[in-house]
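When the chains are written out, they are named A, B and C in that same order, and each has its own residue count from 1.
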Amino acid sequence: MKAFGYSQVREPAEAVRAARQTPGAAFIAGGTDLLNLMRDGAQHHDHLVDINHLDLASVADSSKGLRIGGLARMRHVAEHRSVRERYPVLAEALEASASPQVRNMATIGGNLLQRTRCGYFRDAASACNKRAPGSGCSALEGWNRGHAVLGGSEHCIATHPSDLAVALLALDAVVHLLGPDGPRQVPVDGFHLRPGNAPHVDTVLRPAELITAVEVPRPAARSRYLKLRDRATFEFAVVSIAAVVDLRGGRVRDVRLAFGGIGTTPWRSPEAEAVLRGAPLTVDAIERAGRALVRDAVPRQHNGFKVELVQRALVELLSGWGGSR
Amino acid sequence: MNDGLVGRPVMRVDGRAKVTGAARYPADDPVPGALHGFLVTSTVARGEVVGIDKSAALAHPGVVAVYTHADLPRLTVPTFPYIKGFIPLQGTAVHHAGQPVAIVLATTVEQAGEGANLVRIDYRAEPPTASIDDAPQPPHLPKPFRNRPNEIARGDAAAALAAAEVRLEARYSSPPRHHNPIEPHATTAQWDGDSVTVHETAQGVNLTRSVLSTAFGLPPDRIRVLAPFLGGGFGSKGPVWPHTILTVAAARLARRPVRLVLTRAQMFTLTGHRAEFRQHLRIGATRQGKLTALVETTTAQLSRTEESIFNESDSTSTLYDCPNVHIRQEGVPLDLASSSYMRSPETTAHFGLETALDELAWQVGVDPVELRRRNHTAVNQETGSPIRGKRLLDCYRIAAEAFGWSRRAPRPGATKDGDEYVGWGMATEAHTFAAAPATPPVTASVTIGADGRAVVRIATQDIGTGTYTVIGQIAADALGVPLDAVTAVIGDSALPYAGVSAGSATIASITGPVDRAARAARDAVVALAVADPRSPLVGVPAAEVVTAHGHLFHARDRERRDSYRAVVGRHGRPVETTGTLLNAPGHSWGAVFLEVRVHARLGSVRVTRVVTAHDLGRVMNRRTARGQVLGGVTWGIGHALMEHTAYDRSTARVVNPNLSTYLVPVCADTPAVESHFVDHQDPDSTALGARGFGETPITGVPAAIGNAVYHATGRRVRDLPITRDKLL
Amino acid sequence: MPEPSRPARAHTRRTVLKSTAVTAAGTAFLPAVARAEPTALSRGTIAPGESAEITLSVNGRDRVVAVEPRVTLLDALRERLGLTGTKKGCDRGECGACTVLVDGERVKSCLTLAVMRQGSDITTVEGLADGDRLHPVQEAFIRHDAFQCGACTSGQVMSAVACIREGHAGTEAEIREWMSGNLCRCACYQNIVAAVADAAREVRR
């Protein structure tokens, strides 16, 4: 790791100021991804502003919804009683993430900002447009079993690794930011950017901007998270689905579906939702929704199975919805 | 002997040290003034270093030195156990990505790491080849490695295959894999004049010593290698690797002690691996499933500098009765690091053989266990001599009964439980264990002090298998003292000679010498007692003295007693004896039966129940033996279901050099394992009837899983790992 | 929660506003967490390449150590404080061998900077036993042969202590899931599960 400077801050405004005024500065909270990115040479910062002492770690639930501080730890959120009762997709996605140790360390804000685990991005000696713009994408013709089938470009097909972001996307959550120009809000839907011609830009976050909170409207419906991987646990998703389904009298009144592992960003599928909205939740309808989801999929040499798998996973998750689960 | 410690499930004597963090591993030993070393490794896989700029690294605070091929003295390339063919930093050629091209020394570990990042290397690069599929040249038969031929022919396999009533042909394959012990490889070198002490993560302190002796042209007695504990090796710390030599060389140049710890990513290119492997198997059999011909051609990845093949086809050649066998172990040189031994090297080809037998069993309509019984051999297929003390048939019976095999559904795909298909599979397990060669002889010493305590000294290692504990058991029994009166001192090349802890050789090689040395010590103390007028045993014939619980008794008059402590105390100086005893290599066998559940829609495979039975001769310690079974089963699960090193086809770099994308089983992947042992004394073993065992319990597991997946789903997967994409 | 709640301590923590490394950039300030002088923190800055003396509370003792900001808690423990019971397996949070307790919670010490852990109570495997009396988890690991080589054992033991404390040791399946952040390549998992279940019963008693 290259040497870097370090300071601590006490107030959000002070944090933004410090990040803006210190050349090459970045925030460090949990550090669970940032330190590996710096070890891997995927990122370097001349200075880290330690924001762990900011008062942004609380979780509060009201009739309007849930407000999660940007510095709330994953475990803290997953264990929160309201989260478990009213936002189970969130608790399930969090507890399916990483390891118990990392969930004690990593924050909600940091989780949204974690970067792809693409092996080429994490290898400073490999070509990667996300890490070194213009150097090329090694994954297109390389080892791409873990890569995206949706939302890719000729410059990048890396997946976003967050489970939390997938759940928040299905919940229509909003990210609260504080930057040099003051506070602003960005829906999670749109927070992460597809690679396009600029795969090195992951999110809409501006320099020195800080995630202060995530607001989650209280869903009127039940929600669940399904995560598939190559070992039992402690692994990033091969395919994951967050579903919020309002089922009345056997018909889908409303549905929100978000997917992990298949897209270059946490992936929302309005097409699949449209198929299901108003329809009875039959296997046939779910299969049609699955086909709508993958209509524009671009499989590569090793990841083609995800196209089939995600459709099956959708059936798995939704076909039991009307039952006792 | 009946109430002895050998055979009992004795708790590990080093347990307390390990659960309190007190056990000092080679990278833990404090070495005052040591610099931290860090390797700069090649980003290209094939080509040449054409320029090196050290200036930025040398300007980094704390960086003391940067050494390249221009700085290092010329060293002699050792042969086995150095399986590399070349020493890095001796020239400019690059043979694989991740090859060391410079070593940086700095005051702190952080400075060394950043110093390494700052060394600028310019290469002339050529396009590399990283996969057997991409190799421009056809596979060839490499020259024998360590005198083991790569072509084995018995009878007339081609004719027998042509004439067979039943024929089966299949191709099996497995990807490259890495050992990934939790403890990274580490070397700390400290020179004192022309002598060097090396704290090394070594499975064989004497192997490290011999390699360093050759490389540096130093007499072995100038080199001391220490490895009192080892944080797992699985074969990766048996051979000696470049970082060890480079660290010792750097410490000599810098005139300072140097500690170097490999990063996890470096362990994917610098410490060996199980090579990418292909197997083409043709089987001839009778309609009753009796083998008449086995024709096998395997293809393994080789490197540009080393053509080593690691007896993958052992099982095909030796496990079953078959008069006509033709095996060719071929290889293809690729621009990758040299492969090496990895726990149970035969696991790759054993998977194909045991899968093929399952396929044959379905083909001829014979139960897979019965098919294996029909092909059981009581003679060594290679030498024709009888195998004494083989209890493999007992293993089939015991494990099948415990598992409930007779209740197996007769058809594939017939059993479903909820969303999952349930399948049962089995396979034979087998491994040829090594024993240390005759020269130099493996020797143990036993010293009885005036306190009556015994110290056993031998330059073996405890790689986690329980060597400390078993040495204690053997010596305590032989001496007739309590376990806590014995201290084992191991992991130091200055001790009486022993070989490598690999090839399941440790118990087979050291048990006899330790037992002999301890018996000699007992006899010596008895002789002192019966000749000592101050002893109550004076005048008693030595043959009539028995020992137990630290005391010496007259066999027929228990009131006449003395103690080790008293006898040696009166003697006034310690009693020291040595022992040596040769043993021969042999085999340990077993059977594994298991259940898998395959999700009908999602293709995920879970191993939910495992029953094993093993014949390892005498079981020295049931706890530690069971540990090897648990480890082996889990390694088999990893091998069958997830482990896979991915090389980029255009750069030949490892794409997943970490433990989040090179998957090894976690706790939640492992089922309960019921393990049985056929505990008996092997008449041909000089190790108190015990055999080497640690590698046997992996061998059959991958095939048993694949066979169970077939039974569950009717899908036969011949290309490992069995990931869900192959079952959708 | 800017300040993790922690039990009152018998001794007084002192802020050490002294830098050990003086570079061309000037003297570095020390951002030690000092309850009495919180403002010192926000001003305290360590420049790149500089070391600062920080105080870490490890196993109930305050230990002063000079580190650059890039030094992880793991390397501070192993390389500076000689606490080599905590192991480095992967140095990227993927094996769990470096697990320690920080303010009672299990964390991976390779994924956090030492400078971020000033003012926290750190417990390593060396600090678990009460004198000669082993912690019930340590006893259970020996009893159930829950290790072979021992390289992951410190991390497993620390993780198990927290797993039980968190209430995640109710069933075997739960233990398997909640102990899966710690790899054991010797694969003593079944014995680890048995040890954790056994120790959990003992701790609850």
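In this text, contacts are C-beta pairs under 8 Å (C-beta built on N, C-alpha and C of every residue); 3 or more make two chains touch, one makes a residue touch a chain.
Computed from a predicted model, the values in this text were never measured in an experiment.
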Most central chain, Cα average position: B
Top chain pair, ranked by number of contacting C-beta pairs: B-C
Distance between the centres, which are taken as Cα means, of subunit C and subunit A, whole angstrom: 28
Computed distance of Cα centres, subunit C from subunit B, in Å: 32
Distance from the mean Cα position of subunit B to that of subunit A, given in whole angstrom: 41
Where subunit B touches two or more other chains at once, by residue number: 61, 110, 658, 660, 665-666, 668
Of all residues in subunit C, the ones touching two or more other chains: 49, 68, 70, 91-92, 176-177, 180, 182
Junction residues of subunit A, two or more chains touched: 1-3, 232-234
List of subunit A residues in touch with subunit C within their complex: 1-11, 14, 28, 30-32, 35-36, 39, 46-48, 50, 52-55, 57-58, 75, 98-102, 104-105, 232-234
Subunit B to subunit C touching residues, read off their complex: 11-12, 14-16, 18-25, 27-28, 30, 61, 108-110, 179-184, 229-234, 261, 263-264, 463-466, 623-624, 626-627, 630-631, 633-635, 658-660, 664-668, 670, 672-673
Contacting residues of subunit C [partner subunit A, same complex]: 1-3, 31, 38, 41-42, 44-50, 68-70, 72, 91-93, 96, 99, 105-108, 110-113, 115-116, 159, 162-163, 166, 168, 176-178, 180-182
Subunit B-facing residues of subunit C, complex: 49, 68, 70-71, 75, 78-79, 82-92, 94-95, 97, 124-126, 128-129, 134, 138, 141-143, 145, 147-154, 157, 173, 175-177, 179-180, 182-193
Subunit B to subunit A touching residues, read off their complex: 43, 61, 97, 110, 113-114, 117, 419, 601-604, 606, 641-642, 646-651, 653, 655-658, 660-661, 663, 665-666, 668-669, 723-725, 728
